[in-house]
Every structure is written in structure tokens, then in C-alpha cells.
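Below are structures written as C-alpha cells.
Both of the next two complexes hold chain A, though its partner changes from chain B to chain C.
What follows is the complex of A and B.
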């Protein structure tokens, strides 16, 4: 999952730094992730993992770091398993 | 007050707004315009001493600048582009035939021009200022007013498709522009009080398009980027935004290359007055006959 997220970030994140240089916990907004890029990232994650973000998770916190994204996606996947 | 007759119909009956057959596209009477002119003088009185540089643009803007602005990313549903006939004589004959028969859409052959309708008064400002080079020490302060277009047909007279927006735009450091925004929130409340309008200020968001827009809405609200001054017009439970106070962080600075004197990226903020909405709030609150408005309100506007 981590690799998929990093791949997406490289493709749509538009970051001025190399994604490989970023720690999992690094603040993506501080690294230069724009609002619009975070939307593209969200849409990319939905496609890659075949999920749909509920409105309650569509916020800055969900996409604040690679670790946060992993957590958010896992949470959605688990919720689906449980359903 | 007869609440059975919708406010829009009462405005038509009183001759203040003039029906055109299209929802949200209205003529204005001399009286209506006089209220707007009076309120703009009040804005001048409150903000004039700040020394903003005034600029007036027509309600159309350079399509290239509109594209750079990213408006289509966020609000494709509201945008209006200007298309014209660009064909030859034969195309013209076909066009006339098509219009006469009326079966096909004659507008299909129209081609996009270099002009789009201005969505907010400040849109043509940023590239204009960027062209000048670095901002002077102390940043920039600008005074704008323009008719603006948003494609959202509605029977609510406070939601028009072509309406006027008066704006002040501030460019500078983060603290400079957020202080400017706070100053106008305080001034806005005082101004509305001085003309007898009951207002509240609340956190707000722009009408971003689609599900992806949900995320932009949440981001905007989480970061307190937009506030609105609300006045009840057509609904007491859902009052209408008559002013908005927006902090763009450094997003416009980065997008347009707006830099401060020392070369760092400028932060920007703008405060907008919805002039028709304010006039409508006055008519709704004080009645459709301005001669009957409270003496102190009349004195503030025309004294």
C-alpha cells in the first residue's frame, strides 16, 4: 500500500521534493501539497484501491502524511470488510 | 408584509427590478440604482482614507488569465464563456436556415472568443499587478467594482446571474492581509448597523463543484479561509451572504507570481460587497418605498 501511495504522490502530488526523500510521517502540506493536488490524490486513491472516501474523511487530516493516508485507506477497507 | 407574494414578484410589481424572461437576469430601476450608488458612497467614506488604488474592468476578462486562475477546476458549473459567429457567407446562410427551421441548435457553430465573463471583480487584477513586478514596500491595496457572472438561474432575487461586486484586495505579508480582513469584518458589521441591517458573521465556503469539491470545502472551512456577513432577505433561517472576507494564503501569490519588495511570495486577501444583495436587504428590511425608510438610515445613505 505504501508503495502505491508513494507512486500516486509522485504522479499527481506536484511536490517540489522527491517523494522517496519523504518520511512516512512527513507533513505533505508543508512539503508543498496543494489543495487541488490533494483532491487528485484522493481520486487516484479511490481508483487504485477501489474505494470511496466518505464525506467525513474528506479533509486535510486524512491526507496530511503518507502514514495518515495509509491509515485512512486501511480504515475504509476495514469498514468495508466488516460490512 | 404579505409573505404570500414572493419577494421577487413584489420587486417586479414595485418596478425596482425589471423582468427579462430569464431567471436571475434583471433590469434595475433608477431608484434601485440610487440605493446602490448611495451604499457605494458609504463604502468610499469608510474605506477611502486607506488609499486603495482604484481600477475598473469591464465584466469580461482575458480567457488566458481565466484559464490560469484555475476557475474551471473549482467552479465549472458557474462559468460563462463568450462565443461568436466566426464563419463565412455559406456558414451564415446555414446558420440563418437553422434559426428559421428551429429544429437544430443554432448556437452549436458558435466559437469561443478570447473573452470570458468575469466571475469575481478581482480576477483581472492579479495578472495586472503581477506584470508590474515586485510590489512596493507596504504591499498593495486595490479597489475594484464590476458586474460579475455566475451561471445559477434562480427565482431568489438575491441569487442573480449578473450582479455587481465591489471589492478591496490586499497584498502583503500574512499578518498584513489577515489584519486587513479582520478590519473589514469589523467595519462591515458597523456599516450594516448604520443602515439598520441585522447581521451575523459566520465561517463559510465557496460552492466547489462535485465530490472532490467536498474536500476543498472541508479544507477551506478547517483553515478559516472564508467568512461571510449574513443578512436575512428571502429566508430568516438561511440568511444571505452580503459580504465575504477571504484569505487566499499564498495561493494567488504563487499562481500569478505576486512578490513582495524583498522577493518573497505575497499573501492576498479580499473583501467583497454584493451590491445588489445589500440593496435587496435594505428594501426587504425597510420596505420598497425609500421615502418610508427610517430617518437615520436615509441620513446615512443620502445625508
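What follows is the complex of A and C.
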């Protein structure tokens, strides 16, 4: 999952720094992630993991770092398995 | 004065009305000369309106955004420039209240702001960023306990008249353009060299000149939170809601003038309705729509105020964007209706029905944060966020 997220970030994130240099916990907004790029990233994640983000998770915190995204996506996948 | 009479006299709306009386007296002169509404701002200080939002623990009155929006609308009915200065000041104070309570310096500043009624301005716009305040080119230089900043600020509303300015910048020389902080600089800690004149169609009294800002202050004056959070959690909502309060005031006064015109005409014609009477009904309908729009936004903010996740959610941003779009567009339609009702008496300056200033001031609404930019942001969010379809929630 981490690799997929990093791949998407490289493709649509438009960050001024190399994604490989970012730690999992690094603040993506501080690294230069724009709100437009964050939406592109969300769309990419929905496509890659065949999920849909519920409105309650569409906030800055859910996408603030690679680790936060992993957690958000895992949360949705787990909820789906449990259902 | 009896205690109940004293309490009524000290009610926020009564104090705002007294300031509005002063603001109304000077409104035309301020508009004509493009000068700062000194008399109205002095009246705000005398009525102690500048510190109302500061929590009582720091010497303020803990007024809510809803109460402050009401003050904005009362002032907006008298003089839009004065009302906008008040609104912009309160937007800066909202950042202080929401994000300054963890920092000793900012807490002291809140106490002093409430005590001495300090007027706070904002320098978020910069030459070269293309109007997007969530980017900075300039960077703050932190040198131990001291920080230094130079900014080509193309707009600092009432900058030359403020007691302090909150300035955004990159957090360091190495930081990305979106990695921003905001710093409070107090008068005496900065110099302003005027670079651009504010000679505009309307809102002439906000004196939003451009300046080359150069400041040096203790580093403790930098807000401890990233500006991205401050913008999302206090500025976005309070800007759209308080601006809307001002705009509502402009439109409400236009409708009032149109009604006075229709009544005067009906009296002369022995009760026969003048042709504009139907439009007055339409304008009143639109004004009510505008009021509903703002009130629903204020309620949404009041409900979400303490929930950081909700404040930074897309659903909330879209709702606030929609408040701004609707308010800024509807007021133009309303004032135009009022102008058609009043006819040449509305078009002329210096009549009791003059609407030129209202119309010119109102035209700023769709430009301060361009509606096209806001539509663009909302449409981007709607790629993932479902539109709100609930009536009550």
C-alpha cells in the first residue's frame, strides 16, 4: 500500500521535493501538496483501491501524511471486510 | 440611568447603532475622498467593539461570530468601508482567539488588544503569488529570539492606520511556498513604504494600499500553528461570514431607501402604487433569501466551531464557499432592483435615495477572493465530496 500511495503522490502530487525523500509521517501540505493535487490524489486512491471515501474522512487530517493516508485507506478496507 | 436601561444601552446592537450613526454621517465624504474612516473607528474604540471577540478571561466579551456578523450588518447599513474595516479586524482577531491560546505572547497580546482597543490589519497578499494567499514567496528569517521579514505586500487594508499587522510568509528560507506561518508585528516593529495607491470604484475608505513591509520582532510573535491550519480553521469561515454580514447591510440599506421612495411616491399619488412597487416586493424577497443564506452559514459555523476535523472538512469548505458566492452575487441584484425603483433619484448622488455608493461598494464582493477562484475550488472538491442534500443537517 505504501508503494502505491508513494507512486500516486509522485504522479499527481506535484510536490517540489522527491517523494522518496519524504518520511511516512512528513506533513504533505507543508511539503507543498496543493488542495487541487490532494483531490487528484484522493481520486487516484479511490481508483487504485476500489474504495470511496466517506464524507467524514474528507478532511485535511486524513490526507496529511503518507502514514495518515495508509491509515485512512486501511480503515475503509477493514470496514468493508467487516460488513 | 436604571439598571435595565443601562443594560439595554450596553447591548452590543445598541453600541453598534451608535457607531453606525457616526459612520453614516461621514460615509459620503470617506467615499468621495477615499480616506480612512477615522471617526467611525474611533467610535468603535470608544464603544469598545474592537475587543468583543476576545474571551472574557483575557479582558474581552467572548462575542460569537454570529453576534459580530450582526454588528457588521448594522455598520454595513451606514458605511460599507467602516463595516469592512471592522470585519477584517475581527477576522484577524478570530485567528488570535482560535490559535493564540497556547502561546504566552499571543495571550498577552489578546489582553492588550482588548484593553487598549488595538486595530489589527492583515498582509496576506503578495506580488507574484497570483492572488492565492495560501502561497508565499517571502520567507521569515528566524535568528534566535528575533525574526525578520520583508514582504512586497500588494494590499494591506488600512495598513497605515493599524496598531498591528499579521503577516504571512514561508516558515523559513528553505520552506515550500505552501509551508507558511503568520506573525504578528506591532506598530514600531515595522516600516511601510507605500508602493500602490488604493484608488478604486468602491470600498474607498478601506485604504487597501500596497506597501513594502519590513519588520523585525521577537520570534515569539510567530503563531505556533502552521498558517494552513489557521486559514482553514478560522480565516475561511469568519471571512465569508463576516464579509457577508457587511454585504447584507449594504443591500438592506438599499432596500430601505427603495421602500422610502415607493412610500413617498404612493403618498403623493394618493395611495396609487408607483410602478416600482412590484420590484420592491422582489427585492424584499431576495433580501430574505440572502438573510437565510447567511444565517444558515452562521449556524453551521457555530455547530462546527470547536470540532477541528469538521472545520477542515470539504463539506464545511463547500458550504462556506457557497455562502460567499450567494451573498456577493445576490446583493448586486438587490441593489440593482433598488436602483430601478428609485430611478434617477437613486442614480444621482446627494439625494435621500442615492444608491451609487452602495452599488460601487457592493461590486467589490465578487472580487475579494475572486468568485471564479472559489467556484474552481468548490468544483475540485465536488470531484470527491458529495453535495449536501439534507435540509436540516
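What we mean here is this: the second predicted complex is superposed on the first by the 83 of 83 C-alpha atoms of A that agree within 3 Å, B and C clash if a C-alpha of one lies under 4 Å from a C-alpha of the other, contacts with A are read in each partner's own complex, and residues count from 1 in each chain.
Following the convention adopted for this analysis, contacts are C-beta pairs under 8 Å (C-beta built on N, C-alpha and C of every residue); 3 or more make two chains touch, one makes a residue touch a chain.
Note that the structure is a prediction, hence the values are computed from the model and not measured.
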*Of the two partner chains, chain B (first) and chain C (second), which one does A:39 touch, if any: first, second, both, or neither?*
both
*What is the contact status of A:31 with respect to chain B (first) and chain C (second): first, second, both, or neither?*
second
_Greater residue coverage of chain A in the superposed arrangement, chain B or chain C_ = C
_Let me test your reading of the model: by the given contact rule, A:60 touches which partner, first (chain B), second (chain C), both or neither?_
both
*Which partner does A:16 contact after superposing on A: first (chain B), second (chain C), both, neither?*
second
*Of all the chain A residues, which ones make contact with chain B and with chain C?*
34-36, 39, 42-43, 55, 58-60
_Residue ranges of chain A in contact with chain C within the complex_ = 15-17, 27, 29-36, 39, 42-43, 46, 53, 55-56, 58-61
*Across the complex, what residues on chain C touch chain A?*
134, 171, 175-179, 226, 228-229, 232, 308-310, 312-315, 377, 380-381, 383-386
*Mind listing the chain A positions that touch chain B in their complex?*
34-36, 38-39, 42-43, 55, 58-60
_For the chain B and chain A complex, residues of the former touching the latter_ = 70, 73, 211-212, 214-216, 218-219, 222-223, 251
